[in-house]
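Two complexes are shown next, each including chain A; its partner changes from chain B in the first to chain C in the second.
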Partner chain A sequence: MKKLISAMAEVPDGEMEDELLVQVEGLRTYISTPTGMVRAVDGVDLNVRKGKVLGILGESGSGKSVMARSILGLADNFPGVIEGRILFRDKGKVENLAHPLEETTLVELGSDGEICKISKDMKAWRKQIQETYRGIWGRKISMIFQDPQKSLNPFWTVGEQLVETVENGTSANMPETIRKWQDVVKWLKKVRIKKADDVIEAYPHNLSGGMCQRVMIAMALGGHPSLVIADEPTTGLDATVQAQIVNLLKSLQKRYGTTIIVISHDIGMISRLADDIAVMYCGQIVEHGPRKRMVDPQVEQKHPYTKALLESLLSVNCDPMRRMEGLRAIEKEVPDPKNPPPGCRFHPRCQVYQNWRTQEGDRGAGTRWLAQCPLKEPPLVKTAESSGIRCWHFYDEPDEESSHV
Partner chain B sequence: MSEAIHHDRVLVRVEGLVKRFPKFEKRTVTAFLNRKKHMVSVLNRVNLTIQKGEALGLIGESGCGKTTFGRCILRLTDSTEGRIYFEGRDLLTLKPGEMRRMRKKMQMIFQDPYAALNPQMKVREILSEAVQVGTRLGQPNEQDNSRACDVASKLLDLIASVNLQKDKLDQYPSELSGGERRRVGIARILAVEPTFIVADEPLASLDASIRSQILNLLVDLKTEHGQTFLYISHDIGAVRHICDRVAVMYLGNIVEIASRQDVRPERCLHPYTARLLGASAYLSVGGPPLEPDPEDDGEVEVPEEGDPGCSYRFRCSRFKSLGKPNLCAEEKPKLETPPTPYGDTHRVACHYPNDENFSEI
Partner chain C sequence: MKLALKGMRTLEMGGVSSAIKHSGVRRSVLAICLGLFIGSALLSTIPEAWGGGNPHHRYNERWGSISFAHPLGTDMNRKDVLTQLVFGAQTSLLMSTLSTFVFLLAGTVLGVLSGYCSGWPRNVVLAVFQVLQIFPILLLLLLSMIFIEMFFLGRMTNWNLVILMALFGVFSAPKLAEMIRGKILALKERTFIEAAVALGLSHRRIIGKHIIRSECLPIILVQGAYIMGQAIMVETTLTFLKLGVEYPVVSWGLMLRKMQDGMISWGMVIQQGFRYSWCWLRQTEDLNIIARDWNMGLADFHFQPLFPIMSIAGSAWLFLELARYFNDRLRLQDGRG
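Right after this comes the complex of A and B.
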């Protein structure tokens, strides 16, 4: 049985679609390795609100970086993106950035609905991606990469690299080169580099990690993009520098109204920066909601994984009671993304399920569907307060199977 | 340095430890011949005492010398000056053979769990090597034939003590996850039954959900086996969780030592500690807001070699708010107990420490 994955750019109906800048629907990105197919991103739906910061929280290997690269068209290892739509709204127009999939990808499904063969013309796909993204990279969507010192070109000075993106904005009657260099200095000052005139001549290895990250931020924001994807922008930096970078990103975001997707495993940093938070586990979004609700430990209706992450968190003002009890750790290891557990991917480590299994007689509220945990994947269910929870514990609409978000 | 500390309970005492590294700015013959003149001081006369069964935390920014300090104590890096007493013996005067026997008592958890294990050895080989080395150094006259089964049973004990499955013994490090590698590293250390462990960023490069497992393991080692720890980290939350006392290091100087309870934004005395704590609190869930200082871009300004003053004054907001007093630029502050009600275990190296509730960055 052969099936052509269709990816037509029709506008989905929603009550507040004008507010959305990016809509990701059913995105699947796989990576083929010698030992098996890694389902790095496995059916992600995501809405990014315009002018807001979306934080994506997840452990290493949960697929958060691959998802970001898919949005940017950079996931180009075979087979890469194989299914889904990435709708990008720009000046009233809606564009499906994943449309090259339509012509280049063929996914064969087995009788049980499992993907059994993927064929994709990578050469044609890369060419089409280049054409689709030509006007987008750097101008409409830009990225702050994980390792600032490795992401800058070691052979070029900081100024030479910045000139490429920072080109517009100053008066037109000055000679062009001077105008560009003035712009670069202006941007370096905006990212709070004191000795901008010295830094412009420096090579990346002359600068510290924090400085390089500031240069990266200037580079990402220099083209006035409408979306910036920041992949672990503070990893590897000291706590004091991290705080400054977060502050800087926040103030620049407010000033220019840029939409930012922040990817991190640091729940503290995300809670400081983001307006909405999506939690990823094993290539899926397990919970998505506004920040206040997600990081508040008092809120009970929360995915067990999010809850466990919050509980294993150490605060600076740790209370002595928790020190006595010991930390509540999440048992076992992160599952192998090549063969994730069947059913709900978190169920082997999930406290709610394990508790229910050990005391099966006790059938309290919300345990009705727990027998499904190892069997069937839970749908992302929209609740009153959050945009979605993927957990059988909070599933209570048996008749409306189609009410998935 | 320690009146309040019982001398019979002291395990490690470091006196005036100095470490200088040569600084090569130009790779020329002249630069090489003058290498003794161009030195960078990484540790500046560090004094520190660690008692038996205590966990001492060492926090500071990267590049402040915390890892060098840990390595110097174990003599993995040779110190330039100073004395390190371990159980009353000066380590720096020991001969290589004596030092090797001494190493059995002091071990290090290395920063990178991926680089610390030999990729060509199975976990069983890695651990049994450590067990054999440990027993040989401990009891030199033991018979060979009785040892083989001892090793096998000890391996099982070890692997169980770090909560690993038995089948992991026959895997290579590349087949293990980061958390499992970290456990193997800890099991290897426990194989020689050390009394003192230097843990250098043991939670770095681990996932959030694995961190708490490893931290619980370390806490168990401390409470149940009475291990002594030097816990080097820049994660203040973890340090406050496991440690009894915390030392704060800035550019090779210890600027503040206090008990765990006193390392809080409202009780710390040194402006640098306040700054570190403020930044960490800002980055934790539900933390207080942080006012950015537009003057400050987070760059460490290293004073010139031989500078007489306080090395933190270039970044110190208190130095600025007090109108740049001459004392800070002329005299290096000593680590001493200020007149505060917190007791004499709290020591700070600052001319103008804060004894009131303040928060600054």
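Right after this comes the complex of A and C.
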């Protein structure tokens, strides 16, 4: 295994920051349930580059959607967002979208550093969120939701709904309804709907899922936002339509230079669409880097979870021996987000750690970084090749006496 | 033109013609009922249009029987009953429209306040609902009548009825408000409302377009039609109890009250009772058909078949009550005589 610590590069922050549209730092979003506190998002750091597509990959229940909602200020069940900063850059101005936290939320830590009490003034929080996001929703950040047919109002025709957002995005001094409707038709044509004049008068139930998703994309992009969050935009659509939607999103993204965060569990979709990929596991980002590095199975320096995810995928042109073996599932279940395992959250399922423990766990326990896995949470380390890896494995010195797995 | 095009599109897409036929029939029934309602309202506003005259004109015959000149006979004051009925409808429709308007306004605003907003507006509104729903509306109206007489207006002015009818709208508003509140609470969890927020729509637009005008409108229409029928009954009841309008104005309740002085035999009670209950039935039936139609088309209301039954039973009950009252009076008179 190559040495990563030494390869860690000092990236000058000043240059980087101008390219970043959104910077999420230490975001925590908890959800209170009758059976306990769900740590849906637990310390996420994320950098979204301007004009690029960031894919967020993860199993279901890993907190992807909750994170997206937190960025949009829609996570408003108690306690919701409790910690962190969401820095949004707009025309050279940096705004912390999570600034209402300072006045409304108090997180008390116990003696062991664990969160023991959260007090949050939800009323003030909602009010301040409304104020913060008033000019942002639809105009600077908008969202494409999971189920296209449910996210359109069944009582209004597509045109009547599109008019709202298109109107919202353009300047207020556009009173002519005709021009508004022309805008709607224009947008429907942009999302490659052929019979735009017919679709305008159709109700959502008259349209197929793919068509509805196109309409949703038009609604989300209609206000020319700088960031669009697409929460599983292709779920529930059949494969050919999925490909069309992905191509559509990609072409529109290139045309308008919009930044997109795509959330999905579909590695194929993400690898076709995204420039950067972040892998999320149990409320944390475990690896974050450019697409080429992330989806290439030949690259050695990779988080064991990412590796396992890629191995669970059976691509058409993988090598024949691999295909003989069939699908490889990741063993064991996703941990309970109410009390995640101590240390690295992936260690109970991690092949590297488990192999090492069975082979030489007793002998070299004190000297290896791997011994830290069940004890201490690894930090997200920035390296030259990737934006971050969260794994003790890469701290290991290569010149140690014990041989590697 | 646009409507016609829309209709053709529906035909193209739907294919199943029976559903369209059905809806067509339903629509025409609705149109006829609305036409009857509006027509009778117009007729009563312009009595010259149907050749009616002065409701206070006295003819020759007291308790005149049904004839071509007097289709419903004349009453004890030698006035034409039909003319009075039509002129009375003016008062009733005006008053019931007023209370329906107040009802819809108050119900919708309170419903939205208690459903969409959080914090103190919701709590206050809910508390007021619960207090209001404890008391029977008639009792509340009588109490407020006392207050109005004591503090604002004197006794027996025609404005009292206007205020009382507006109050009737307010007192029955919690019912509508609860329904709208329930709908809003359910709707708030739907994805399209969340999407509307994320796409940057204003609260006004979300409430107005995506909540009220899409899902709550059927409820509002049905309840409005229902309360309108009720308001006619309430107006009649109040006037009958000497809480409403007085002599120069003609009203159904006033006709009833005037009638009780002249009742001299059981046969007359029944005869006149039928005459008056017919007009209630007519009006409430019209409204209930409208209400049921809106129901079937747009919302799913579980006590829908109860509408006509309730109106008939209500009329019958009122008729029996009146008969008993007159019976007692007659007995007293017999005893004295």
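Basically, the second predicted complex is superposed on the first by the 357 of 405 C-alpha atoms of A that agree within 3 Å, B and C clash if a C-alpha of one lies under 4 Å from a C-alpha of the other, contacts with A are read in each partner's own complex, and residues count from 1 in each chain.
Here is the rule we go by: a residue touches a chain if its C-beta (ideal position, glycine included) is under 8 Å from a C-beta of that chain, and two chains touch if they have at least 3 such contacts.
Fair warning: this is a prediction, and the values are worked out from it, not measured in the lab.
In the superposition on chain A, A:208 makes contact with chain B only, not with chain C.
When the two complexes are overlaid on their common chain A, residue A:333 makes contact with chain B while staying clear of chain C. Legend: residue contacts after superposition of the two complexes on their common chain; A:142 is shown touching chain C, with no touch to chain B. Within the superposed three-chain model, A:192 lies in touch with chain B and out of touch with chain C [touch as defined at top]. Once the two complexes are overlaid on the shared chain, A:219 sits against chain C while remaining clear of chain B. Between chain B and chain C, the partner in contact with more residues of chain A is B. In the superposition on chain A, contact of A:116 is made with neither chain B nor chain C. By the touch rule above, chain A contacts chain C in their complex via residues 72, 74, 123, 126, 136-139, 142-143, 145-147, 150-156, 164-165, 168, 198, 201, 206, 216, 219-220, 223. Chain B meets chain A in the complex at residues 61-62, 177-180, 207-213, 215-216, 219, 234-238, 240-241, 264-265, 275-287, 290, 292, 294-300, 361. By the touch rule above, chain C contacts chain A in their complex via residues 6, 9, 13, 118-119, 190-192, 194-201, 205, 209-210, 213-215. Per the touch definition, chain A reaches chain B in the complex via residues 59-60, 192-194, 208, 210-211, 214, 238-244, 246-248, 251, 265-269, 271-272, 295, 308-310, 312-318, 323, 326-331, 333-334, 349.
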